[in-house]
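In this document, chain identifiers A, B and C correspond to the written order of the chains, with residue numbering beginning at 1 in each.
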Amino acid sequence: MKATAAPIRPEAVGKPRAGSAAGRFAVKLALLLYAAGTLYPLYWLFISALKTNDEFFAHPYALPQKWVLSNLSRAWELGHMGRAMVNSVVVSVLAVALTLLLGTMAAYVLSRFRFPLSRAATGLFVLGMLIPIHSTLVPLFIVMNKVGMLDTYASLILPYTAFELPIAIFVTIAYLASIPREIEEAALIDGCGWWGIFFRMILPLCKPALATVAILAFLRFWNDFAFALVFINSQALKTLPLSLALFSDGFGTDYSLTMGAMAIAVLPTIAAYLVFQEQIMKGMTAGAVKG
Amino acid sequence: MPTPLRSRGFIAAALLPALIVFILFAIVPILWSVYYGFFQWKGMGQPKFIGFGNYSAMLQDPVFWRALKNNLILVVSAIAGQIPIALVGALLLTANGWFNRLIRSALFMPMVLSTVVIGMIWGYIYNSQFGLLNEALSLLGLESWTRAWLSDPKINMYAVSIPINWSNIGPYLIIFIAALQNISSEIHDAAAIDGASGWRKLRSVTLPMVWSTVVVTLVLCIAGSLKAFDHVIVMTGGGPAKSTELLATYMYNNTFAVYRYGYGSAVSTMIIVISLLLIALNLLVTRRKNG
Amino acid sequence: MRNISKLGIAAVTAMTLLTACSGGTNNEASSKNGEGADAGKKTKLTVWHNFAGDDARAKTVRAKIEEFAASHPDVELDAQAIPPDGYRQRLSTVAAADEMPDVFLSYSGSHIKGFQESGLVQPINELLDSKQEWKDNFLPGAFDGSTIDGSTYLAPLAMSATSFLYYNADLFKQNNVAVPKTWDELMAAVAAFNKAGITPIALGNKAPWVAQSTILGSLADRVTGTEWFKKAVAQDGASFADPQFVEALGYFKQLVDANAFAKDANTIDNTQAEQYFVQGKAAMMVSGAWTLTNLAATSEDELKKIDITVLPSVPGGKGEANTITGGAGAGFALSKKAEGDKKQAALDFIYAVSGPETQKAIAESNSMIMYKTEVDQSKVTSLYYKAFELVKTIGITPVYDAYLSAEAAEAINNGLQELMMGGKPETVAQNLQDAQARSLNP
């Protein structure tokens, strides 16, 4: 994918904004307040992760009186979080890559070609969005058990991909709908094959859609508990959500360890979000080509 | 586009990988689960075929109807809340300054947080004795408005729907931002020349350009709301006394807690059927509106 | 262009490889076993349990499992610690696929019965009979919940004592309230604490089994007697719609109506309720032995304020008053499929992690057990020691959800939440009756 030529990128054209200065200020203030409310839980997670259990309950909103960094290190150690983090990265990244590749190819075909069964294929993917995943646990377990796929990275990557494909495909189709077809037709006349058009033009043009899909998919894979619980046996292959669940049984929860583990687990997702967000915004300049 | 012979190879090669993974790991298991739905089976031992017995039992169970009603509350609140807020947010935040970047990240943050953290935080907000909401109401002299927000069956589903909506705005925001960036600056310029601005531009230029995305987000919203599971499990567990039960928690509970595996499978089939009906309805409405 | 179309194909192949590769790790693992078999005929043994956390009991059991692995070089042990929140779900999934692990943690009562009825487990009488002294040292009733048609399927590792009345002795003294021995005294205490602005009874019933397991079972047994309950469970000569059970629910409702519980009792979890109680925001808490384990990390200063007794008697009750609900808890079960060397290894394992030494070690990690042993007072919390001594002097009555069908247990759990929201005892009793009848004759 990386080998393809980048399209020309003229500078973004700033959009003129209407409205008075006071109105703009009010809007900004409202946004800022909303954002503060939304960031608060993140802040709360981190201060809670550094408290003792007693303090967590006695003063839920206050800063820690005693900063307990050991919550993080103990959670890291007891939850085998180092290994789990590696596994989560491997599984999530591979599944995201597979979702993007398969999803975009399928979306492109479904949005640009009419062929027998094209509507049926689209309909089938719609169906995929509606499936409550817990009902597929037992059948998937039986199938994967039969083909000897249980307890491998693939036993997570392939179901993750399968369940994320519908969303990937529809977000991309919606995005493709606003890309004019004329340039593809011109390229076709110029002798580019479909693969050439797909990899050289469509993929780069779709970057914002790809980044969108990638964020959503990454978060979903990173946080999945149900599949990871049932399809993975070996300690060496366990992913992070299993570590997070260790400190709670039916009778009680060790909140300080749970919060510590969660604080660790959330960092990579924030990083991933920031990286992909940049990709979405970069697409903005690329968008100007298509006018 | 016409389908010349040489495109056929491309169509097959680009579509089949996605289709195969999707069918094997999503469609086959769900069909299997549909099949289990015709049996009385506790998830082990011998299943007994009972035809539509599970379905007639379901239709007679008041808890099923309550769960359906709660899901519909979620669907309506998601369509009325998540999509407009995300769209307005996206319209306000497409430019790429540091302020917008900050706000965008903030709006997305609930998405990266574990539902356990979100459940805890909102549990503290809604707590009747020392919750933030009741304390704020008391400060404002509105003592009579204070409630046991999560316990009172008349209001708790609405109370629960707020955090669910709040934490799900992020994905739609991202999807809309990606779509809005696809509108080329020439179109904005042309609109400006025509003298279109503000609401008129939004109605006649911007919205039609992203309409296909709006339709997709509506579908995602409906599908997502009918599958909603995590937040409710964490905040109320579907209780008290089933007052916040959702179809997915109802299905999960029957399958894995009460060991009515066949019945749980029938419920998950029902979830798919209901989602399909709602999505068909949605497509009908949006198509008419669009045309 | 060729190169690019190759890329597409490469991606598809990569996908196939991916499956193949990860399949590879699997093969590797099994070939390791193969080597072992060549070297000294290793027996592979898979064990599932949920002692995954950081609490003392979990660590104790895990240590015993490691000891077993070290002292049995001929056994290749694959012991899986599964997060407790997902344990039953995972077990259900493999049960549906008929792929049970060789040895797994199960629970006395309807849980183990489910596996037995589906032919997934085999008895361990052979082991029990070969270690007579061990078998005899289990407390009376230890095997009741796991003995079906004369065969026993579990050797319990834990006692699920579920209905101690914990109380904050300081708060009782400060407010001049007597520790309740009768129902009227309890109601008086509830009124007194409400007047003082202290929550009378801490309850975290978000997971709705809590009120049933801790309060209702004990209360109902005092009203109806144990015999009636066993008949009602068997639907043989008694029904949950009988007036005596409605009366029992009525007592629970009296507590609700007197505001004995906080308004949020149904939306906070057990840990939160324990914390309110320990912090002195509530005067009493009816809870099980798990609270002893959960509070083990609390400072002795705070624990010293807490004392422990049983629920008060009810007027005219048919049941014994000086009792708590309880019974055997979890224990290791043996898969039907384990045979030959594997079965022998499995039985050795079960003895190693449920034998006298482990029982003592578990007790000394502040957990209740179904086994006669002495504990070293210096190794446990003061509160645990009080409970340990108390249990020696009182009777044990059945825990409702260990005997009811899963569906009926859900009906009563749910029903108690309904009562707390203004429901009627008659309706709740009828729903429980219907659910139990339905699961016996589907």
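By definition in this document, contacts are C-beta pairs under 8 Å (C-beta built on N, C-alpha and C of every residue); 3 or more make two chains touch, one makes a residue touch a chain.
The shown structure was predicted, so the numbers you read here are calculated from the model rather than taken from an experiment.
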item: Arrangement of touching chains [line / ring / star / complete / other]; value: complete
item: More contacts between chains, A-C or B-C; value: A-C
item: Whole-Å gap between the CA centroids of chain A and chain B; value: 16
item: Chain centre separation (chain A, chain C; CA means) in Å; value: 37
item: Two or more partner chains touched - positions in chain B; value: 14, 17, 21, 43, 255-256, 261
item: Junction residues of chain A - those touching two or more other chains; value: 98, 105, 138, 142, 158, 193, 195, 198
item: Chain C residues counted as touching two or more neighbouring chains; value: 5, 8, 11, 15, 89, 96, 207
item: Chain B contact footprint on chain A (complex, rising order); value: 12-16, 18, 27-28, 31-32, 34-36, 38-42, 44-45, 60-61, 98, 102-103, 105-106, 108-110, 112-115, 121, 124-136, 138-140, 142-143, 158-159, 161-163, 165-167, 169-171, 173-175, 177-179, 181, 193-195, 198, 208-209, 211-212, 215-216, 219, 223, 244, 258-259, 262, 265-266, 269-270, 273-274, 277, 280-281, 283-284, 287-291
item: Contact footprint of chain C on chain A as seen in their complex; value: 1, 3-4, 53-54, 57-58, 74, 78, 94, 98, 101, 105, 137-138, 141-142, 145, 148-155, 157-158, 192-193, 195-196, 198-200, 225-226, 229-230, 233-235, 242, 245-255, 257
item: Interfacial residue positions of chain B with respect to chain A in the complex; value: 1, 3, 6-8, 10-11, 14-15, 17-19, 21-30, 32-33, 36, 43, 92-96, 99, 101-114, 116-118, 121, 124, 166, 171, 174-175, 177-179, 181-189, 192, 197-198, 209-210, 212-213, 215-216, 219-220, 223, 226-227, 229, 247-248, 251-252, 255-256, 261, 264-265, 268, 271-272, 275-276, 279
item: Partner chain B, residues of chain C touching it in the complex; value: 5, 8-9, 11-12, 15, 88-89, 92, 95-96, 98, 114-115, 117-120, 205-208, 262-268, 406-407, 410, 414-415, 417-418, 420-421, 423, 442
item: Interfacial residue positions of chain B with respect to chain C in the complex; value: 13-14, 17, 21, 40, 42-45, 123, 126-129, 148, 150-151, 153, 235-237, 239-243, 253, 255-261
